[in-house]
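The chains carry the letters A, B, C and D, assigned in the order they are written, with residues numbered from 1 in each.
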Amino acid sequence: MDKLVFKIKKNPELYAGAVITAVMLLVILLGRLFVPYDPDAMNAADKFARPSLAHLMGCDNFGRDLYARLAAGGATTLFIALATVLIGVVFGIIVGAFTGYYGGALDEILMRFNDAVLAFPSILLALVVISIMGSGTFKVIISLGIVFIPSFARIVRSEFLRCKNLDYVRSARLMGAHDLRIMFVHILPNTFPVLLSSTVIGFNNAVLAEASMSFLGIGVQPPSSSLGRMLSDAQAFLFMSPGYAILTGVTIALIILGFSLLGDGLKKNA
Amino acid sequence: MKTVLKKSITFIFTVLLVTFFVFIAFELIPGDAATARLGTNATPEALAKLREELGLTRPFFVRYFSWLASFFFGDMGTSYSYGVSVRSMLAQKLPITLTLTLMSFILTVAVSIPIGLLTSKYEDRAVSTVLDVTGQLTMSVPPFFLGILVTYIFGMILHMFTPGGFVSYNVNFVRFIGYLVFPAISIALPKAAMSTKLLKTSILSERNLDYVRSAYSRGNSTMDVLYKHVLKNAIIPVITFLGMTLADIVAGSLVIEQVFSIPGYGRLLISSIANRDYPVVQAIIAIIAMIVIIINLLVDILYRVLDPRLRDM
Amino acid sequence: MSIKRLFALAMCVAIIPAVALTGCSGDKPEASSSIVVGIPQDLEDSLDPHEAVAAGTKEILFNIYEGLLKPDENGNLIPAVAKEYSVSVDGLTYSFILRNGVKFHDGQNVTAEDVKYSIEKSAGLTGEQSLITAFSNIKEVNIVDNDQVDIVLKEKDIDFPAYVANLNAAIIPRGNSTPATKPIGTGPYMYVSRSPQENMILKKFDEYWGTPANIENITLKIIPNADSIVMNLNGGSVDMFARLTVTQTQQLSKNFNILEGEMNLVQAVYLNHARAPFDNVDVCRALSYAVDVDNILELTSDKKGFPVGSSMFPAFKKYYVDLTDSYPTDREKAKELLAKAGYPDGFSFSITVPSNYQPHIEAAQVVAEQLKQIGVKADIKLVEWNTWLSDVYSGRDYEATLIGVDASSLTATAMLDRFVTDADNNFTNYSNKEYDDLYKKLFVTPSDEERVEIYKQLQKNLADNAANIYIQDMAEFVALSDKYEGYTFYPLYVQDFAKIKLKGQ
Amino acid sequence: MLNVTDLHIEIEDSFIPETVVHDFDITVSAGEIVGIVGESGSGKSMSALAIAGLLSRKDMKKRGSILFEGEELLTTPRSRLRQIQGDDIAVVFQEPMTSLNPVKKIGWQVEEALRIHSDLPDDELKKAAIRMLKDVELDDAENIYDKYPHELSGGMRQRVMIAAALICDPKLLIADEPTTALDVTIQAQIIELLKRINREKGTAILFISHDLSVIRSLCSRVVVMNKGRIVESGSVEEVFNNPKEEYTKHLIGSIPGFTKIAHVTQSENTDKILEVDNVSARYKKITGYFQIGSKQKLVVKNASFTMYKGEIMGLVGESGSGKTTLGKTILGMLDDTEGRIVHYSQRPQMIFQDPYGSLNPTKTIGWILEEPLRINTDYDKEKRSARAKEMLSLVGLDESYLSRKPNALSGGQRQRVCIALALMMDPKLIIADEPVSALDVTVQEQVINLLVKLNKELGISILFISHDLKVVYELCSRIIVMKDGVIVEQGTDKEIYDNPKDPYTKQLLLSAGYTD
């Protein structure tokens, strides 16, 4: 047992992060599976009901069970953040790999594109993309995904620049491995530790960006809801039932706290 | 000197790229300024006439280059919806946002450097773990929710400021700055937490390097080593981070201006996009992109000043 | 720069905000005769009365401009720039006697030339496109002498006086070359200045011909974010805010009086009859049976609001017929009708809603939930206001939309003309032969009773064919700080600042 | 002056605390030079740092006593310890590249100890620093005073470190492997410098190194350590001429450069394996914008030589002499080259110097070994792993290593895997770029014997690139000497080592200890 205590003392973030994240995922999972209410079912009698046995977290302005909605919203937010980070990582790797490995004119031009996109404040870019495609869960994912590509590309590129001159890459080239194999079989696995921690940070930024977008009215559209959407809706009833806003805010904060601690912990012993 | 030349070429190229992005974006967005102006009374002939009047019917490239040329000489055209020169509108709006951004930036630096030093010095004491956890918490809350909490606590309960009581700088400068304090706090808090953490980790990692051991071997105290040797090395990554966060602070002010009803660039930009008011949107985005890139340029130069190894690159 | 100095700099920088903080504690607005009125959107289209379109702009310009006649709070037309008017026997010539002593805000007297110029401009006779469709009926405007102007029509139109009272027919000085940015009118308040997306300042016009306004200066403060409206009101930086929702009023502090009135619009799910399945009357009727208006009111506005059965709201008094009970909620009947119409297990469609109207979004969510119970899946598509205008209103490229339609002028026809088959504002593509014939009869029958009867039949026609799923004329709430009193509601979408006064003034 | 008795050092890094140094005793009298020798991980640096009071990490426990001029250093308060550090006891570290603060000027760092321990005004400090820089034989000291560490070479930086240590004229100088990272010629100069300072200033020196020949030429007494314990100590003559302990004997025995191992006399076999004719290589540095314009530096200038089948040929030169670049050019790894290279065998392979960088850390040894077969042949899984096992056993490693990752292996084991990797395609020619210089002496010996075995049994000819003349003497039959990209001399080992013609070769041999 004290071997575990020693390990925790060595890397507290990892364990705290893992616990918080596990708890939050459990809460969302339970909400999705075992709560008897349909997240969209309205019930006039339960408007702004206080937390009770029937409704663990009370109800919102339409009398919908808050716990069911938080679980549904949580699932959507996690889905959006995951999908966004996936797009960002996949395209980031492709762009980063080629610019980092080959360099030359291609690198210059793509890097300039990167700077241009990074010069755009992220929410602004999402705003423009949404106005083009209209809002909705998948549009949010695509617009945020695009916004995340440059930051991942930059990270992957610097890793490729670091690795491409190491001896094991030269010996691979000497053996006759062609460039693609070298890039994606040899070099890429070495970027995973750095990629992992920036993915976690990316995940958090995606959740926060989605919340800001919902606040500006361009995020996920009702009746489907995300935590960001719920928080910006809850704001209108801050004085009447502060529970709605506070519970949603705390849920978002704990999810992000859990993931960022997890990220730090992973970085520490990577 | 040559690197500065190279940097400025990339600067111009990037700004061009950004404005081109915006122009294409506007080609794709459904509806245009004419439909916005005429609203429910739009009839086909009226729309055609107004579009002609606003010059929307000219081919895409002609419009882009004529806008670019005029923009270059400072004439940003007139706003479709307000009929006022874009420059005069921005001259009113941008100072507000720039002051807010500047105050948030100063607050971030003023908070993060002392606390970063503090937590790295007394690393294992309770106070630094408490500061770390609060730092993590402020980073995990969506910015607008933080803004609401700040308004609710400081505005409604402690009455330290009247929510919505924005006063423009030409009316009363002190009250203008006074009001901007709380929005600046809401933007600066998460950024300060991030840069504090970065500074702390950077100091701790620099501490294990060889030159620190040789500094100790010459009889330096822990404080001397921290201030004379480690800080100057540790501050370098923080400077780049602070440079990069400026772009986020500008974006952050877009959201916080809504919460604190501050008539900065944010509100104008959103309504102009809704009204398809090209000249205003174009001007705002180009200016913001320029500001952000200039900041990156400055950070890059500061980087070279601080780190002699890069000087000859 | 040694580290010590860097540390000192950081410390003193942190002190600046603390100092500034003390400077701003006492900033209560001084209570002289001024008021801060909050508005949700800036006046983003033109300030020229003959071009202003957005309802949010017209409700403010009502205080700056006046026409020859003017509507009062009971919906009657009272004389304004014109002292009185008379109609020729054949009903084609209207002679207006100008009131002498009426001044523009720039101190000039109103002359007959100004009147002729304004009417011709607003009628589109001088080239621009007229905003008042009925003004296309004007043949010519003649100056008889410097205090009488005659307007000659092509055909008889007994509603003509109401169009003259429309804000789009306001009288403006001929000399003002830029009315769109520098408004000069004859109203109780004059324009001082504006800063886009921030505020607009109005000032009492001392030489106003009628009963002068009470409050000296008005600051219109733009608060775009719906959620910070309550914060700003409770915070004390805004004294009045119109068109609040029920939930917002329930969260205001004690020192606000909540005044209740009607929004004077018809909120309904407007169906695009050119699109299946809404070209089938049984489907429309089925949906009307499925939608439970009381449940909507209960959920969205705490039962506040006035259910309506057709495209007319109670403010029109004698023209209004109460058809709210034409479709009592009956899910079984709805399913029968659906089966009869060939959709036994329901269908799915989209309700497009402009994203800047929170009450409509909430109502749409409740409607979608109710339709679920008869197997009809309605998903909500939020679009920007501008996209709604271009796609839904002019493009008619939608299945259903949930919006509130108001009367462009104080005439009952204004609510019903859009359902005539070939009307160009008929965005629902409603086409019904009896309706068109009835509507044409309207212009031919001189007597008032017969016209009232026709209006009622038109409303019945819309209700029977379930032209739209009618919901309510929404309740309007105005929050007014208890320092002021005298706010009066109008049957039109206007805010009259002239009547507001300090308590006991 | 210094008297250390049964010093224990315990580290609690991993879960069970590990004692790193067990009852370590040493005495150093004024003006004496004492050496501590041992392989890496023997605890020699740890004990030196303890003496200098630099082991203050919280997860470290120290017991025993360190008496310095009668004062017990282990228990003195830090404030008192700080007065001694830099004034009476000074330290020089191993890595010149990282032991100087990169963002501070050289002068500022040299005068730092003086600034702490005296209250001389700034101009006095500067004069003292410049005097010190001249004293360590750095020409144009004024100019170097204002330079930054990255602008100096490794050798110059080590001299700066020494100047910084001696500025306060300390009684004891602790030198922790100061010459290991330097070229052999500069190494000799630094040793001479330390001798001169000890003579002139009477500074006692505690010299830590794993290089026995350096210890022999500098110290009067020596302590031999292994796995944290002192194995043997005594005067240099005693220990080196008749070592008592088994471990010391083994250590001394593996010093290269005295006994020939490979003795393939170059018979008249005329079939060549490699011909290099007038080859030069250029290194392009892109400076312009958008890839236009670049500075070019000629690294290898028209080198030519021929290599015969079954031969081990040495390519010797200091760092920056272009020997590695020539090796890479031969394998066609650089594209900006001229001249003719003729290979008489297919798929020549290369072994790299840094064992940590030459194996992909994320892959298992088995995967790495099978990679060449995966790319060039269509062998199935079994065939590939069989071949991998065969190669592993050839280099003396058993099958269990297949599933392990590189970072679980020691430096020597990794280098064996690199060799196995090179053998996978059974090449006839291997170019070994400084394969042993990063290894400990004993491990070095094993790898060299392995190379000789491969040359004998499989007839593989090896181009052995190195800066260590002793290893080259043991291994190679013919030797090429390079200086600044040009081949200055080439010939059989006898011609080069017994009567070198080129002055540079002579200087190299002298500093490597070959005084004929």
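To be clear about the criterion, a contact is a pair of C-beta atoms (placed from the backbone, for glycine too) under 8 Å apart; a residue touches a chain by one contact, two chains touch by 3 or more.
Quick caveat: nothing in here was measured; it's all calculated off a predicted structure.
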Other chains in touch with both subunit C and subunit D: A, B
Chain pair bearing the highest count of C-beta contacts: B-C
Relative to subunit C, chain with the most remote C-alpha centre: D
Centre-of-Cα separation between subunit D and subunit B, whole angstrom: 50
Mean-CA-position distance for subunit C and subunit A (Å): 42
Mean-CA-position distance for subunit B and subunit A (Å): 22
Residues of subunit D engaged with two or more neighbouring chains: none
Shared-contact residues (touching 2 or more other chains) in subunit B: 148, 152, 232, 258, 270
Where subunit A touches two or more other chains at once, by residue number: 131, 232, 235, 238
Residue ranges of subunit B touching subunit A (in the complex, touch as defined): 10, 13-14, 17-18, 21-22, 25, 28-29, 136-137, 139-145, 148-149, 152, 247-248, 250-251, 254-255, 258, 269-270, 273, 285, 288-289, 292-293, 296
List of subunit D residues in touch with subunit B within their complex: 52, 54, 78, 82-87, 90-91, 93, 95, 98-104, 112-113, 116-117, 148, 150, 161, 164-165, 289
Sites on subunit B touched by subunit D in the complex: 6, 9, 209-211, 213-221, 224, 229, 232-233, 306-309
Residue numbers on subunit B that touch subunit C, as the complex places them: 30-32, 35-43, 45-47, 49, 79, 81-84, 89, 92-93, 103, 106-107, 109-111, 113-114, 117, 148, 151-152, 155-156, 159-168, 174-175, 177-179, 181, 184-185, 227-228, 231-232, 258-261, 263, 267-268, 270-271, 274-276
Subunit D - residues contacting subunit A, complex: 15, 290-291, 331, 333, 349-350, 352-354, 357-363, 371-372, 375-376, 421, 425
